[in-house]
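Here the chain labels run A, B, C, D and E in written order, and each chain numbers its own residues starting at 1.
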Amino acid sequence: MWYKILYAFLVTVGGLAYGLLLGGISRKITARIHGRRGPTVFQNFIDLIKLLRKKTAISHGTMFFLAPMFRLLGGVGVLLLVPIVYGSSILSNFSFGGDLIVVLYFMVFGCLGMALGAADSGHPHSALAPTRGLAQMAGYELPFLISVIGLAIAHKTVSISGLVAAQQGGIFHWNLFQYPFLSIAGLIAMLGMYMAYPFSVVMAPQEIPVGPPTEYSSTFLSFMFSGRSIFGVGKYVLFMDLFLGGATNLVEAFVKTFALFLIIVFVTNVFPRYRTEQAVKFFWTYPVVIGLIDFIRIFIK
Amino acid sequence: MVNPVVIIAITLIAAFSIGIFQFLGKKFVRGVFWLTVLFDFAAILSIAYGFLTKAIKNPIMVKIGGFPPPIGINLYVDQLSAYLGVVVFFIGAMAAYHWLSRGINDPEPKALVLLLLLLLGSTGMIFTQDFFNLFVFIEITSIASYGLVASNLDSFSLEASFKYIVIGSISSTFVLLGAVLLYKFAGSLNMADISAHINSSMYSGGMLIIISIMFLFGLLIELEVFPMNGWALDIYQGANPAVVAILAGGIVKGFYLVFLRSANYLKFPHLLKIGIIFGLSTYIVSQFFAWKQKDIRRLFGYSSVGQLGLLILAGAFYLNGNLHGFAKKYMLFAIIFFVLNHSFSKSTLFFLADLFGRRRIEEWKGVLSKNKLFGFLFSTSVLSMAGAPPFLGFWAKLFFILAIPKEYFYIVALVLIGAIAEILYYFNLYRIISEKEDGIFDYKGSIVPSLFNVFVLLGLSAFGAYKFFILTGLDIQSGKFLAFITISSVAVFVLGVSRLAQWILSLGMIGALGFHVIKNTSLVPAFNIQSFFVYLVLAGAIMFVFATYPLSKKYSAVFYPLFVFTVFSMVGISVSSNWITLFIFWELMSWSSYLLINQGGKKAAWIYLVMSAIGGYGMLAGIKLLSTGPNLIPSFSSSSAFAVSAWAGILIFTAFLVKMGTAPLHIWARDAYGESPDGFTPLLSGVLSKMGVFGGILTIVYLLPHLSHSDTILYGLAWFGALTALFMALLAIFQEDVKKVLAYSSISQVGYILIGLALATSLGYSAALYHTVNHLIFKGLLFVAAAGIIYRTGTSYLPEMGGLIRRMPFTFLAFLMGIITLAGIPPLSGFAGKWLLYSALLEKRWMFILLIAMFASIVAFMYCYKLLHTIFLGQLRDKYRKTKELPLPLVIVELVLAGLTFAVGIKPNLILSFSEKAIKSLGFTSPGYAYESAHRIVSKFGYWNAYFMGVFAVGSFIIALILFFFAKAKIRKVGQLDIGYSGEVPDSPESVHFGYDLYAHMRRAVRVFIYPHVENTYKRIYNSLMAFVDYTRRFYTGDLNTYALWVVITLSFIFYILYKGVF
Amino acid sequence: MKEKDYFLDDRPKKLSYSEVWEKFFNWARAQSLWVIAYGTGCGSIEIPPMVTSRFDAERFGVSTVGTPRQADVLIISGYLAVKTLKRVIRVYEQMQSPKYVVGLGACTVNGGMYYDSYNTVNLVDLYIPIDVYVAGCMPRPEAILAGFAQLMKKIKEGRADGWKQYIDNLDKYRKNQEKIIKNWKIPNYNW
Amino acid sequence: MRKIVAIIFLTIVGLYMLSLFAQIPFGKPYKGVSEHYVEKGIEENRGSNLVTSIVVNYRGFDTLGEVTVLFLAATGLSFLLFSCKCLREFKRIRSSLVLRTATDTLFPLILVFGAYIFIHGHLTPGGGFQGGSVIASGVMLLFLAYRKFHVNHKALSTLESLAGISFAGIGLLGLLYAKSFLANSVLPLGQWNKLFSAGVIPLIYIAVGFKVGAELSGLIADMISTTKED
Amino acid sequence: MVFFAASLLLIFIGLYAALVKRNLIKIIIGLSIMDTGVNMLIISLGFVKGRTAPIISLKELFKKGTWLVDVSKVVDPLPQALVLTAIVIGVAVTAMALSVVIRMYSVKKSIEIDDFKELKW
């Protein structure tokens, strides 16, 4: 049991590093697409260090104070509840703690915490952003739930390990190929979940300065930053487990999560931004219709 | 016992002697009058008492002139006529007292003579056994009424009187013709003698049927049946209410008895047909026409006419409905109770209408609050009239519905629809009356007669309940419990001199009952589904009643009695053992909660009541469908003995769906939750809506397996639950009132429970029961907190709040935990319910429902956040700078509940161990899930370790906190306006608080879903019905010729349907 | 709770810290300069070219943020009117230490071509500490980048301590500020 | 329109009723209780007028009701028209000399005739009601003849009350003596076709006669009093 | 039979007046006509051809040697008795109606139905 905690710590640190790196790569790719050189891929590490060592910080109240912890906890929790490597007792983390439903609900934990803290700052933009985020969440969760429920019913399990196990045995056992429409719906939902363009209205950096964390600075911000990175990695791993057949070793995990990451980066860089209601309507139409094809197939079967 | 003829003789002599006494002064006249009335009353009472105690066994037969019956006239006093005589004289005395206190216009002795002779006429009418003598007494009654009706001498009363004279003359012409032709036909005028001459085969020829029709038709006109009752309504509207009280309360009942008796003596074979056609149409039409009334007296008039229609229907069934055994007895008691109820409560209403004197309903606004006694009398009468338990009208209606044969189910349905319509307009009136309104209230006259009436009514109600439980042979335990409920709430009212005393008493009583339940297992023998709900109710109630004290100062004195009443009737529901008992307690709960809600939002309460009535009467109709042959009282288990149509299940379920607020029946919920007294809302949401769940479980377990299409029904229910969960959550997002958000949230959550029930698997029940308890915990918490916040801030409007975390940290903590539980986020108790439900749905492969249910919970996050943000976060307003933390009892309740969510979240067994027992009592062997290790719960599809999740969440939170303290910079806590604001300084908290219409963007996306389709549909139906009624009620043109014409048309119609004859 | 506590009225305390790690952290600070996107004057038109494709300031770790809380650098982009100064002071004080100010163009140095206007702040340094001036009217993005390079150098060397001076000499700065800002309605210190 | 509808429906009802009356034999012998009344009427009551026997004895209760009805009408009328000058537009016209003279002559005769009718109610056609009506017609004649004629309301009222009480009292006496209300056994029945016969029937009819006369006169007086007097 | 028809006709004429006439007095007249019709009908119901009135003032009407009257010689007395009552009641009703009409007239100075349609719906 105790070694699990140690490994969990390692996975957290690793996840943080990986997440920051992916962020850096994303910035680099964006820059290259713009025709710039862009920052180094380690820019996010530097930013994090800077933020950690800012000399002053302000707090608006208790919830404001606690929110970064919630955020971090939410991120770490999601990462630790999904098995990263199939079959590995170590890298399956704490996935005995709960199944897919638990993870889905736990994902909200951090977001809610952050939103509360942000709102406690008394800044109107901080409160506006979560409302957008929640609305958009109501948008993308519908196709995502379609794919999740479809997969759960198809494989008769909601355990993530169980889902991964069901996809073993070659690339064509992956859900991406077994249930392509469900996977497409799920992956489109993933775009929304990462709040990247075209669904970035939540974090719109200029109109509502970076959304919820408007008032956050220094150490608070660094915690949120790292929480967000870890959360991102956790979600990649989750999607990998759901659609790409999981991973049997760490390298495979890296490759597959990176592939998912690339999807997001490329989509992000070529699309303008949706307004909230446009995003919601988009999610409730195309991906839902696509997802329902397989969903009904499974329902009839 | 007094010879009945003496009553008549003495009355006559007194009436004649007033002609002399009037010269001695008013006092002498009054003395003679009162002496006579008292003597008569005592005399009839002695006879009635004789019948009641069985001292007189056979009907009294009095020969007049010393000749045996067919030769001479004779009086025939049986049980019913004696009782009716008592009622007539009582009401007459009360009306006379009332009229005297109001002041009779000048030739008072004459008016008293008319009154005396009116009473005499009606007594003679119900005593005589001779058709022609009957005619004479009818005429005495009529002519006295003509004069009395005109007694106000204004254009209204004169017009009414003239209409009455013309129609009455036509009516008596037919009675006279009928009587004489009967003599011609049978050679006798004595009823019994004629009856002996007649057998039903004679009706195949044309003669007897036409004669009988003519005779009975004359009486039917007097019985104010549709479409010949325009004159009656005009009397109710136009005449002196004191007179109307006697007419409606006594005289018409005499006509009714005479009609039934004549029909019986004539062996009229088509009585049932006539009763159904005219009784039912009168009932329905008048109940609907009353909707649009602006004049309160005419409204009461419509109600009276409707009741008469019901009576005719009941009488026709009693005599001619081929009832057997118990059914016949029930019907008899239904008739008696209807008559008593209508006499006492309607005359009270007319007295009160006269005392206050205003005609237009709008002018009655606020009357209830201005004079408590007046309000009490009015409320009691209206409640009894509308058939609210435990008043007499309820038992009458119940007996009636039970007694009607199942083949005539459409009558049950129509009568119940009429009853709903009745509730609709009566309580629309009550709504107006109970509104708050400033102004002076004064009335002229004495309130004593109304007081007497109501006391008699209350006594009779108790008698009715006693008779009901004795006659139906229901478990006496329930009857005793009903008495206990009533007595205890009255005790809270009487002994509670102050709110504090009431609070302590209520706490004590609920606590005592709880203690009794735990100690004494006679109420709940083994732990089963029923005791599950008993504990639920009592635990919730004691918590919520504890929280109410700080709020109670602004509540009226009936708050705690009604609270106790509601709680105990819910306990009654939980321990009931058959459908009828369930229905009785169900209605008790509905009505008492209606009265409680009415302390707050009047319109909301009205809608709640109407929806409850639809549900409750739907349930009664369903129960009616369940009853078979001699078994009029279907018990839970007996319903499994045979197959019944699916409608029984659906109808019974309607009641539960209404209370649960399931989608198309939810329209009451928002406003009822939102506007009910804050102290009551937690109970309403946390416990009362759970009674729907209890009923649902009973229905699904005991009833549904035996219905046809049970699978379809269940699947349909699941869809209703899912759509409710989704759309109510969507609607909750856009509410701007804290209690209305919670209201929608509440019904959305109950939608989940409904899904769990509809699954009908053990896992589904586990989910439902778990969520039931859990919802009680967190929604109670939220509503208690909301109540406290409203108490402190004085508003429930969300954009008005904000930033209260700084003032109410404990409340915030509790509220936050409540919200996390509501959202179902893992470490707290909310998640377990979600997980169980989803697992159950997965198990059953109800994918679409699962999808909708999960999606609904995502949507729920939006309002969760909204609540937290707009109340507690954001900017604190200046006006709340001095606001304090909630009062101690509220904080205690909040924190206890918050602690519970945490405890249950880490250890769901706290609830699951109970629900498992309850589920096993339903006949399942396992709860549908298993414990893999101590804390790891496993279903077929997934697993989940609550303990680990809790420890993990708390632990990592602490670790993160520690990490933070290592890394932290110099942190300064800044002021609330120290925000980055483009270099500007905000001038006030309000200007930078984001609290209104948080989801404007979302609204643009879901506009079509949140448009109040259902509510508008109801409104449209109501409005079109209103418009239809408003148009059709012009049927009563007020034109005398038309009224007379309708009499002739009706006669030809009756001839046509009963005797094809020449055509 | 006090009657009105919209704002925290405390003055910032002087900070002391160990020098051991400071060099490394200064490097990190220099490599990650977040500029508040707050255009005070005509020069702010030069900032977009600076951060976009042509000049790509992001390769130096310079990026823009929308809120003073998270910003490290405030660019005074051109002449400061008295009214603007008030906002600049508020924004500057709301930034978290360490924080740096870059003055852009002649106007920040001596009032530039508007030096004799009734409304121009001629010597910005009197009111808030400026770490780096970039000369020109207006300086082109290349020049601004050069200025940032200068700033990074100063930070790495630990010499960019305008924020420290501001805290240390707050009274002096306040006096100067209040001298030209007629109706001082902003809080004593903007947190 | 109303007329047409009324005629149509009245025709329908009328046809139904005609079809009833077509089945009732006209002028054919009767059966039932009337046989008893006719056959035993004299034996039981000694009154020659069988109608009177029925009205006052066999169905005396009806008659009591009937008296009550008339009493009611009088009471109701005086209740409604109390001190009402409702018809003040209408003046009583001055009557002619002929009328006055005739009235002076006829009124005593009318009174006597009326009294005769109700006293001989059990022997000849007629009775209390008829006699009372005749008396009332005399009073009406007075009203017609004399514009300023007033009746003494107190006296009339007392008279009618006393008459009414005596009727009901006789009934109660029957109850006392023969255990049956209105029983004809208080007085001896006497002999057929004699004035003093038929038990209490003449007494009752006298009371009724007074009562009806007083009541009808009161009625007339009340109605006339609503017009304008000068 | 003619009596029946004629009295029925009277009844229906009276009813017709109540159904159609707009004048209150005319309606009362109609009611009186109706009463008269009913009374005639009752009387004609009691009529038996060739029999005498039910006033036994002649010895011949008795059965021999008894006080029992020969039923076959006397018409039915009961309808006549009933009619007496009916007439009185008719008078009473008419009186009441007239007094009400007088009052009505004093209120509105009109005896047309159209002026007395305030109570409706």
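Everything that follows uses one rule, which is that a residue touches a chain if its C-beta (ideal position, glycine included) is under 8 Å from a C-beta of that chain, and two chains touch if they have at least 3 such contacts.
These numbers come from a predicted model, not from an experiment.
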item: Where chain D and chain E overlap in contact partners, by chain label; value: B
item: Chain hops separating chain E from chain C, counting only touching neighbours; value: 2
item: Winner on C-beta contact pairs when B-E is weighed against B-D; value: B-D
item: Farthest-lying chain, centroid of Cα atoms versus that of chain B; value: C
item: Chain at maximum distance from chain E, centres defined as averaged CA atoms; value: C
item: Intercentroid distance (Cα basis), chain D paired with chain A, Å; value: 106
item: Distance between the centres, which are taken as Cα means, of chain C and chain B, whole angstrom; value: 72
item: Centroid distance [mean C-alpha coordinates] between chain C and chain A, Å; value: 36
item: Whole-Å gap between the CA centroids of chain A and chain B; value: 53
item: Interface hub residues of chain D, defined as touching at least two other chains; value: 2, 6, 10, 13, 17, 24, 30, 33-35, 37, 59, 62, 65-66, 69, 72-73, 76-77, 80
item: Multi-chain contact residues (two or more partners), chain C; value: 12, 15, 67, 69, 96, 191
item: Two or more partner chains touched - positions in chain E; value: 15, 19-20, 45, 78, 82, 85, 89, 92-93, 96, 100, 103
item: Each pair of chains that touches, named by its two labels; value: A-B, A-C, B-C, B-D, B-E, D-E
item: Footprint of chain B on chain D - complex, ascending; value: 2, 5-6, 9-10, 12-13, 15-17, 19-20, 23-24, 30-37, 57-62, 64-66, 68-69, 71-73, 75-80, 82-83, 154, 157-158, 160-165, 168-169, 171-172, 174-175, 178-185
item: Residues of chain B defined as touching chain C within the complex; value: 806, 881-882, 969-970, 972-978, 980, 982-986, 989
item: Chain A - residues contacting chain B, complex; value: 52-63, 65-66, 68-70, 72-73, 76-77, 80, 94, 96-102, 104-106, 108-109, 112, 115-116, 119-124, 127-128, 130-132, 134-135, 137-139, 141-142, 145-146, 149-150, 152-153, 156-159, 209, 214-215, 218-219, 222-223, 275-277, 280-281, 284, 295, 298-299
item: Touching residues (chain side chain D, partner chain E) in the complex; value: 2-3, 6-7, 10, 13-14, 17-18, 21-22, 24, 26-30, 33-35, 37-43, 48-51, 53-55, 59, 62-63, 65-66, 69-70, 72-74, 76-77, 80-81, 84, 86-87, 123-125, 127, 129, 192-193, 219, 222-223, 226
item: Residues of chain E touching chain D in the complex; value: 1, 3-5, 8, 12, 15-16, 19-20, 44-49, 53-57, 62, 66-69, 71-72, 74, 76-78, 80-82, 84-85, 87-89, 91-93, 95-96, 98-100, 102-103, 105-106
